[in-house]
Amino acid sequence: MNQNKQIIVEFKDVVKQFEKDLVVLDHLNMNFYDGETHVLCGRSGAGKSTLIRCINYLEKINSGQILVEGEPVTKKHARTIRKKCAMVFQSFNLFPHMTILENALLGPMKALGQHKGEMIDQIGTYFEKVGLENKMDALPGELSGGQKQRAAIVRALAMNPDLILFDEPTSALDPEMIGEVLNVMEKLADEGRTMIVVTHEMGFARVAADKISFMDAGKIVSTCAPDKFFTDPGHESVERFLKQIL
Amino acid sequence: MSFNLYVLFDWWPQILSAFGTTVFYFIVCSIAAVLFAIFISILLAMRIRGLTTILRIYITVFRNTPLLVQLFLLFYGLPFIGISLPAFLCALIGIMLNEGAFISEIIRGYIESVPKGDWEAGESLALSRFQVIRYAVLPQALRDAVPAMTGQISIVIKDTSLFSMIMISELTRVSNSIYARTFDTTGFLISAICYLLLFLILSVVSKQIEKRFKVKR
Amino acid sequence: MSKKTVALLCVLALMLTVVFTGCTKSTSAESGSTVAVEETVDAMDSIFESGKLVVATELGTPPFAFKNAQTGEIEGLAIELAQMFADDLGVELEVRPFEWSGIIPSLLTGQVDMLTTCLTRTTARAGKMIFIEPFVAVSAHALVRKGSGLTTLADLNNPDVVLTTTTGGIYEELGGKLFPDAQMKTNGTNADNAVALSAKRADAYLNDRLQLESSMSMYADQFELITEPIAWDSLAFATRFDSPKLANAANMFMRLSKMSGKYAEVFQKWMGYAYEPTFEVGS
Amino acid sequence: MVADYLTIINFLSAGLLALLKVIPISMVLSLIIGIIVGVLGYLQIPILKYIVTLYVTIMRGLPPLTLLLLVFFSGSFVSPIVTAIIVLSIYHGAYVAEIIRAGIMAIPKGQHEGADSIGLSVLSKMVHVIMPQVWLSIIPSLVGQYVILIKDTTLISAIGVMELLNYARQIMQVVYRPVGVYVVVAIFFFIICYCLERLSKYLERRIKAKTIL
């Protein structure tokens, strides 16, 4: 089945270390495929966040190569790559001085050079999709955490990205708000958007993921489809992890 | 020290025009200083190698030398190397460079305290570094900086009194000249009241601005 | 509770001390003139007591009083005359330099016994201090840039003309009276005024001839004098009203040194030309 | 050229002496005023608190130059240098008072309550418990205020104190290098103020490290 899909992100022997001896990505090789929802899980400190932050050059790698749609992730290509992959952060990172509509318009208008008029209808439908059509003119400070994260997802969608990176999108939320964000993400997965999701929400992974990878100490230990992952992950450390959190 | 009303009756046209001059210089100079400071802090935030060092040196030098010496250098010094600027420009450039250094230091502090995530969010939207600063970071930093900035701007009111020493007929100069002719210090009292008035008006206005521009996070 | 009150009272007392010391200072200064009538000491007496004559001068006024850049000494015609006067009295001379605006207050507040600087005699000033017989008479002129088109005094009385003079000097008022249409500005020192004129910030600089000549020598060939004087200026030492003895002695010294020829000697040395008694200075 | 600068420096050194009198005395006096007014401002004593607010507001709104000229020409004080010292102390005292008041306010409420609970009087609470903690936290802003005080000493040339800037203006007529003269003056102030600025940054870091430990 993989053979039919195009590789969208390719990690080739990637090493990333903070300081001298703290290796976060340890000679990592990995492919992510177009149209898939790929969930990354693992203990905190395993390097999941760093991995996806390397994809849009928020972190610089020390050696190896990352290719996004065949293009190497370097300083020179950073902006072209960022136009293709949007990111949703753990702590939303909405700009507090702009309404959420302005937040969503900023990237398309300033980075992609699109006109406000062209964009505004499309962004309106995104807001409808996440259920914030009545809140478009609110400032982030006036919204709840769940609403903020949904607005941040709209901001990512507004870029019309080939790939959306989710960096623990529900970790900073109160429990009662996690559901509303996961629902939106499930919808996106159903639409067939390419997503790489770092999360601890195993329920979401089971329902929405096409593939789940388990990371440990800077390496991908296991990658498989969800049903296999939860029943027979094939690796002892994954089993231990699953036992702990389920 | 007593208040003699006759000074006000005899000299009110001069005092009024001096008050106007002070207000004019205050407004023009503080606007110039703020704009210049914003420009400098953008350049600093761009982290252009070499340029940053030069700007750091500029800020350190102008923060740590007296404004009066800077004004004298501009006004009485520069003509000797062939640059004769009119008093207005000397005052403007002097305040712009001096207060600009202070204000840009304030803005820089607030730019640095904008959460790192906001920089990253801007970068992931494929904005250039300048665009991130221009649209995402600077507007927040400026709003946060309003209280500190208005505090610094209220110092510009006081700075205008130094212009009396470079041939500008503002409040302090006129009260000095009233004293030279009448040996009466009421002129100084009047100008003191004018400065306080300006200061109080600015305080009220800045409270409003602070309220208006407060960023909720 | 009582301890609290005691502490508060302590702080209050401290505060009041500060306020009161401030008050007593200001009241003593205000009532100074009335007290003076009863119990003040003539400066002459205190000079003999301390063996020191303290005078105030402004330094930026060559050849009357200036600091020699090589030796660092304060010298000039006024200083030498003051020295001669001190020698006559048999006391030491202490010269304290002030900026022009601080000169008159320095005498009135009793920091110095006498002003030995280029003080123009005016009626208003005569109400504040006793003038000694003038030590020099100079004409006051307007200095203009060569080729500026300003050639007569009448040209100066024009709204487009900017006049400048020394801050706190008499020409600020005089200039305002003589040229009511022109704009009157001031600068701190003689040199600052010369800069202002050269930099075209001012069109004419009003001062006495000697000051103007020193400005002209700063800017060789740039400036010229309007020969018609705007005023005659007789410069005199001055002392306080509470010191008539000192004033009397200084007047006598001035008169006698002019008669003995000593004055002419000193005049020639500093002014560079021979002393000719004028109707006012000589008599 | 070099000889000229030697002359300039030689000439200016006399002005330095005046500054060495004015600066330390004003620093100490403004600190004393600042402590008294700052503590009074914190205590919020009826009526007195209005006087404190009035004093601080006037000093914050008034240019020091105008204050110097007003006090000097009103003739209440004996000499320009004494006027300069008193005016600078009163002016900066208000700012120091604000710094100290803010410092006291920043001390956690628990410290006050702790001192009250062991029955200390207001005075001994301030002296033994609160102020020792305040010093540490206010040193950086205090040094910052002193930098402003030092720079403000250039203004006292306007009332005829023969300090650095005044000598600089005099020597312009003799040595014909105004740019050089003013640059020398600027360098002098820069050296002092820059050292103080570094000191305050250093102390700030030290204090931060200490409170984290």
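By letter and in written order, the chains are A, B, C and D; residue numbering begins at 1 in each of them.
Following the convention adopted for this analysis, a residue touches a chain if its C-beta (ideal position, glycine included) is under 8 Å from a C-beta of that chain, and two chains touch if they have at least 3 such contacts.
Computed from a predicted structure; not experimentally measured.
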Intersection of contact partners for subunit A and subunit B: none
Chain ID, smallest distance between chain and overall C-alpha centroids: B
Greatest separation from subunit A - chain, by CA centre: C
Chain centre separation (subunit C, subunit D; CA means) in Å: 32
Cα-centroid distance, subunit B relative to subunit D, in whole angstrom: 21
Centre-of-Cα separation between subunit D and subunit A, whole angstrom: 55
Subunit A and subunit C, separation of their C-alpha mean positions in angstrom: 81
Residue list for subunit C, restricted to those that touch at least two other chains: 26, 101, 188, 191-192, 195
Two or more partner chains touched - positions in subunit D: 73, 76, 157-158, 169, 172, 176, 178
Residue numbers of subunit B (touch at least two other chains): 1, 76, 80, 165, 176
Chain-chain contacts as defined at top: A-B, B-C, B-D, C-D
Residues of subunit D that touch subunit C when the two form their complex: 7, 10-11, 14, 33, 36, 39-40, 43, 45, 48, 72-73, 75-80, 121-124, 157-162, 166, 169-176, 178
Subunit B partner contacts - residues on subunit D that touch it in the complex: 57-58, 60-67, 69-70, 73-74, 76, 147, 151-155, 157-158, 165, 169, 172, 176-179, 182-183, 185-186, 189-190, 193-194, 197
Residues of subunit B defined as touching subunit D within the complex: 1, 60-61, 63-70, 72-73, 76-78, 80-81, 154, 157-162, 164-165, 171-172, 175-176, 179, 185, 188-189, 191-192, 195-196, 198-200
Touch list for subunit A against partner subunit B, complex: 56-58, 78-80, 82-83, 85-87, 89, 91, 93-98, 106-107, 110-112, 139-142, 155, 159, 165
Complex contact set, residues of subunit C against subunit D: 3-4, 6-8, 10-12, 14-15, 18, 25-26, 29-30, 59-60, 62, 66-67, 69-70, 72, 97-103, 105-106, 108-111, 188-192, 195, 214, 218
